[in-house]
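In what follows, chain A forms one complex with chain B and a second complex with chain C.
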Partner chain A sequence: MADLQHFDVAIIGGGPAGQAAAVALSGHGLSIAVIDEQPRPGGQILRQPPARFAVQAWLEGRSYAPLKQLLARFQALSGITWLGEHSVIGVQQGSVMAMGPEGVTTISARHILIAAGCQDLAVPVSGWTLPGVYAAGGIQAFLKGQQLLVGSRVLLAGTHPLQLLIAAQIVAAGGTVAAVMFAQPRSAMIGALTKHPLAALRRAPDLLATAGALRTLARAGTPVLFGAKIEALTGNDRVSGAITNQGQVACDAVGLCYGFVPQSAVPRMAGAQMKPAGPAGGWACVHDEWMRTSVPGIAAAGEAVGVAGAAAAAAGGSLAGIAIALDLGLIDADAADRAARQPRRALLQHRAFAALLDAAADPTDHFPKPAGDTIICRCEDVDHATLTGQVSAGGSANAIKLATRCGMGACQGRNCEPSLLRMIAETGPGSDPGFTARFPARQVSIADLLPPE
Partner chain B sequence: MERADVAIIGGGLVGCAAAWQLARKGASVVLIEAGDINAGASGQNAGSLHFQIERRFLENGDDLAEQGAQIVALSRHAVTDWATIEGDLAADLHVAMDGGLMVAETAEQVALLERKAARESHEGLAVRTLDGEQARTIAPYLSPGILAANFSADEGHADPRAVTPALADAARREGASVRTATRVRTIERDAGRFRVEGEGLALSADQLLVAAGAWSTEICALVNIHMPLYPVALLMNATERTAPMVPHLVQHVGRRLSLKQTHAGNLLIGGGWPSRLAQTPNGGFDLSARAQMIPESLTGNLLAARDVVPGVTQLNLIRSWTGVTAISSDQLPIVGPVPRVPGLWVAAGGSAFTLGLTFARMLADAMTGGDADELALLSPARFEHLNGFMG
Partner chain C sequence: MSADRIIHGVVRGEPITIIVDGEPLACFAGETVAAAMLAAGVDAFRSDRRGKPRGLFCNMGSCYECQVTLVASGRRVRACLTQAVDAMEVVTRG
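Right, the complex of A and B next:
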């Protein structure tokens, strides 16, 4: 294990929230570590291609512009120690353990900001373990980060409008999209958006991006279907088609897009109080008006406090940065309040829009029905029938984990937990707190945890 | 009010095994568990079946080592109980009794091994002392740094995830009533019986067995009895699955280490490294909250594992977890009747995975008119002085 490194502030996540916090903390002479799994800053939203790639027209859309500005400001800051290619494996009050190319390092910091973003909700359906089946966000990550198309004929299916943007990005990159299938009826989506027109209007660029995506797909002749539900994915060595309630679709790649859940392993391991994150499931950090979690010295911003998009993440990150400056005595309460006015307003506005999006994308009644032999926990090969038996016997998520190994594998349950909790909620009161979070958040080589021999 | 011959508090290994044994003998049994079956130390421990004298008994002087040696008599029964349990329950509990090694790395530790083996043979436990070469012949995964080992042919491991649920099922099949998610609020003594009440529970029982692990102290407090048990939180670690490499239980005579490979292929690494118990806002320990890992314990445990089984460094750690158990004020488990309160029985205080089946069988005998002589060493009577003003 490498030596202990000391910083004033450790920021987990180099996306918009982490960047904005670093920007808000700049100018005070603080030592700040920013830790991220990606080699370069940007987060998932601005996932940068490797520096040696020459990429033309990288993320040109209008909604990316302010995020690119924030990224440029962040990259121009001095006093930042960028710890790219580092996975945080453990967090306790005052310290972060991270695994990087040189092994495991422990970082001590008076203030820790968790801005670790979100991940695709993993949605089990018969055939989803076939090669070629992705979480839609994964397809987008390949596109943004490596300019790579995952298949020659991609089917997107789910309930989240982001799949329209991903489909348009695939088409723009020269790929073919077999169809974009929304499981919910069109009326449910439109109805949610028109219920609060003002909140929707304030985020016109995003809606325009969606309209632009629809135009791109229309030009390419890509069908956009509503009320179209996946029943099974089929194929031998890899996915070759989907059986849906509207017939069969041929494809060689599938992106499932039912929503996003916060990366909650790190704050849960730190013991932060959590709350249900939204209709897609998952857990969000409870925080105060200054983004402080229930654990002293640990703040949270971005999707860690609820999936609300990059603009909300940046606003929350600013707020967290201002609060850390306040808590360190670098600015007084008045200055903090003044500085916080704009990001607070922005946060409210963007969260209102996120609530609309949540309602429009609500997957609750539209999940595919797994078959009995559909694997739910992919690390430990636990199928739906096994879990159904345990759930009907009334076990808690932790008890079922112990009994079946569901959630005991390398991913620590971050993929199967929402599925299991949905099953538990269907039969009971539904207040199960989920799996107890365990170290390490990412599997880590034992050699890396030890001093050299 | 519901009536039963025996109320058992605690849905861990001992409680479920006792429920099964008592129900088989025809007793009406109600088992009460605040959470889920197997949620405490019974399901969280790493599943060692260790019959050699434990390191913790050896490191604190001769008197304690002498007491530790007396437990060997019970261990001999435990060997039989584990060898027969899968057949008795008709369940696959992944019981593996392919032998266990307790290793030494220094001359001092070798001497300790030899003294330990002498005590064990005096108590009738067959243990072979091997030099480093002999040890590596049967256990090629051991480090060249191992100078000697004691080998016990019966040691091994079982699956803590499977054992207690199977016992609970067996208890149900024999007619015991198992109530989970039922927290006991009050226990009143009424004309020689125990009135146990909680959410959805109003029970009158002739006898009461407290087998609630670290929670046994507060359950005994409901009967106005002191039980000198102290919670401890221990660290355990699991690697990713790997091809079969360690068929034995591996322990260390001078360092905290237990290591074994599960039937699924994961290596489990533990050995008594401390974690930090959660605290309540008002001070005191909060057993309901997760204990916090101590980074130095993680490093110390993995170092011990590396020094004994160097191959572990090739593997990924996928999970470290903390579990809460209890130790008594003299380190020996507390098992048997409480003299101050006739009808009250206790089984708590550690060693209860390896010895739990045996505790339960002997308790069931004693609670249905047999004697408890073989448990005398562990009797709560040794703490009767604490309860002189209680009851």
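Right, the complex of A and C next:
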């Protein structure tokens, strides 16, 4: 294990929230560490191509422009120690343990900001463990970063409107999309957006991006279908098709797009109070008006406090940065309030839009029905029938984990926990807090945890 | 079936070779091991207990489906987060 490194502030996550916090904290002479699993900052929304690549016309859509400006400001800051390719494996008040290419390092910091982002909700359906079946965000990240099309005929299926943008990006990159299938009826999606036209209008660039995506798909002749539910994904050694309620679809890659859940392992391990994150499931950090969690010295911003998109993440990150400056005595309460006015307003506005999107994308009644032998816990190969038996016997998530190993594998239950909690919720009222978060948040070898000889 | 590199408007790093399960695999500096494997048509990263091949799922370090072993260090790493380096040797069976 490497030496202890000291910083004033440790920011977990180099996406919009982490960047905005760092920008808000700049100019005070603080030492700031920003830790991220990716080699370069940007987060998933601006997953940068490798430094060795030169990419013309990278993410040129209008909705990316303000985020690219923020990223440029962040990259120009001095006093930032960028710890890319580092995975946070543990957090407690005052310290962060992270694993990098050379092993484990411990960072002490007076203030910690958790801005670890979100992940695709993993949705089990028969055949989803076949190679070629991806979380839709994974397909998009290959496009943005590695400049790779995962298949020659991609099927996107789910309930989240983001799949329209991903489909359009595939088409713009020269790929073919077999279809974009929304499981919900068209009325459910459009109805949610027109219920609050003002909140929708304020985010016109995003809606225009969606309209632009629809035009791109129409030109390419890509079917966009509603009420189209996948029933099974098929293939031998890799996916070659989908069985849906509207017939069979041939494809060589599938992106599942049912929504997003916060990366919650780190705040849960730190003991922060959590709340249900939204209709897609998962857990979000409870926070005060200055983005402080229930654990002193640990703040949270971005998707960690509820998935609301990159603009909300940037606003929340600014607020968290201002609050840390306030708590460190670098600015007074009046100055903090003044500085917070704009990000507070932005946060409210973007959250209103996110609530619309949540309603439009709500997967609750539209999940595929797993078969008995459909694997729910991918790491430990626990199938639906096994879990059905446990759930009907009244087990809690933790008890079922012990009995079946569901959630005990390499991913630490990130993929299967929402599925299991949905199954438990179907049996009746009562809320299950999910799996107890345990160190380490990411796999680490015991050798890396031992002190150097 | 393999994944396709986007060529138009993209300049990659210099050509390199990694070795996956003993087979040389041509790729480019800057690519992740996962991207290099997928572009070469290698989409099985492990087998599950039923003996069925498993592919990469999330491409962001969360799902652990793309774990491979670096032969030189013995480390288990996520291929989607690991940059390919010339002559790097990787095995997919843990």
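Throughout what follows, the second predicted complex is superposed on the first by the 450 of 453 C-alpha atoms of A that agree within 3 Å, B and C clash if a C-alpha of one lies under 4 Å from a C-alpha of the other, contacts with A are read in each partner's own complex, and residues count from 1 in each chain.
We take it that a contact is a pair of C-beta atoms (placed from the backbone, for glycine too) under 8 Å apart; a residue touches a chain by one contact, two chains touch by 3 or more.
Every value quoted in this text rests on a predicted model; they were computed, and no experiment measured them.
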I'd like to know which partner A:Gln147 touches here: chain B for first, chain C for second, both or neither.
second
Kindly classify A:Ser445 by the partners it touches after superposition: chain B alone (first), chain C alone (second), both, or neither?
both
Where does A:Gly409 make contact in the superposed view: on chain B (first), on chain C (second), on both, or on neither?
both
Counting touched residues of chain A, say whether chain B or chain C comes out ahead.
C
With the two complexes superposed on chain A, say which partner A:Asn398 touches: chain B (first), chain C (second), both, or neither.
first
If you stack the two complexes on chain A, which partner ends up touching A:Met97: first (chain B), second (chain C), both, or neither?
first
Could you say whether A:Gln263 touches chain B, chain C, both of them, or neither, answering first, second, both or neither?
second
Touching A:Gly389 in the superposition: chain B (first), chain C (second), both, neither?
neither
Just to be sure I read the superposition right, which of the two partners does A:Thr436 touch: chain B = first, chain C = second, or both, or neither?
first
Doubly contacted residues of chain A, that is, touched by chain B and again by chain C:
409-410, 443, 445
Per the touch rule, the chain C residues reaching chain A in their complex are 1, 3-6, 8-13, 28-32, 35, 38-39, 43-45, 48-50, 52-65, 67, 75-76, 80-81, 83
Interfacial residue positions of chain B with respect to chain A in the complex
35-39, 43, 161, 165, 180-181, 238-240, 264, 289-290, 292-293, 295, 298-299, 302-303, 305-306, 312-321
Under the stated contact criterion, what part of chain A meets chain C in this complex?
37-39, 44, 49-57, 85, 87, 119-120, 122, 129-135, 137-139, 141-143, 146-152, 173-175, 237-238, 252, 263, 375, 378-379, 381, 409-411, 414-415, 442-443, 445
Given the complex, residues on chain A that touch chain B span 1, 90, 92, 95, 97, 106, 271, 394-396, 398-399, 402-403, 405, 408-410, 412, 436-440, 443-447, 449-451, 453
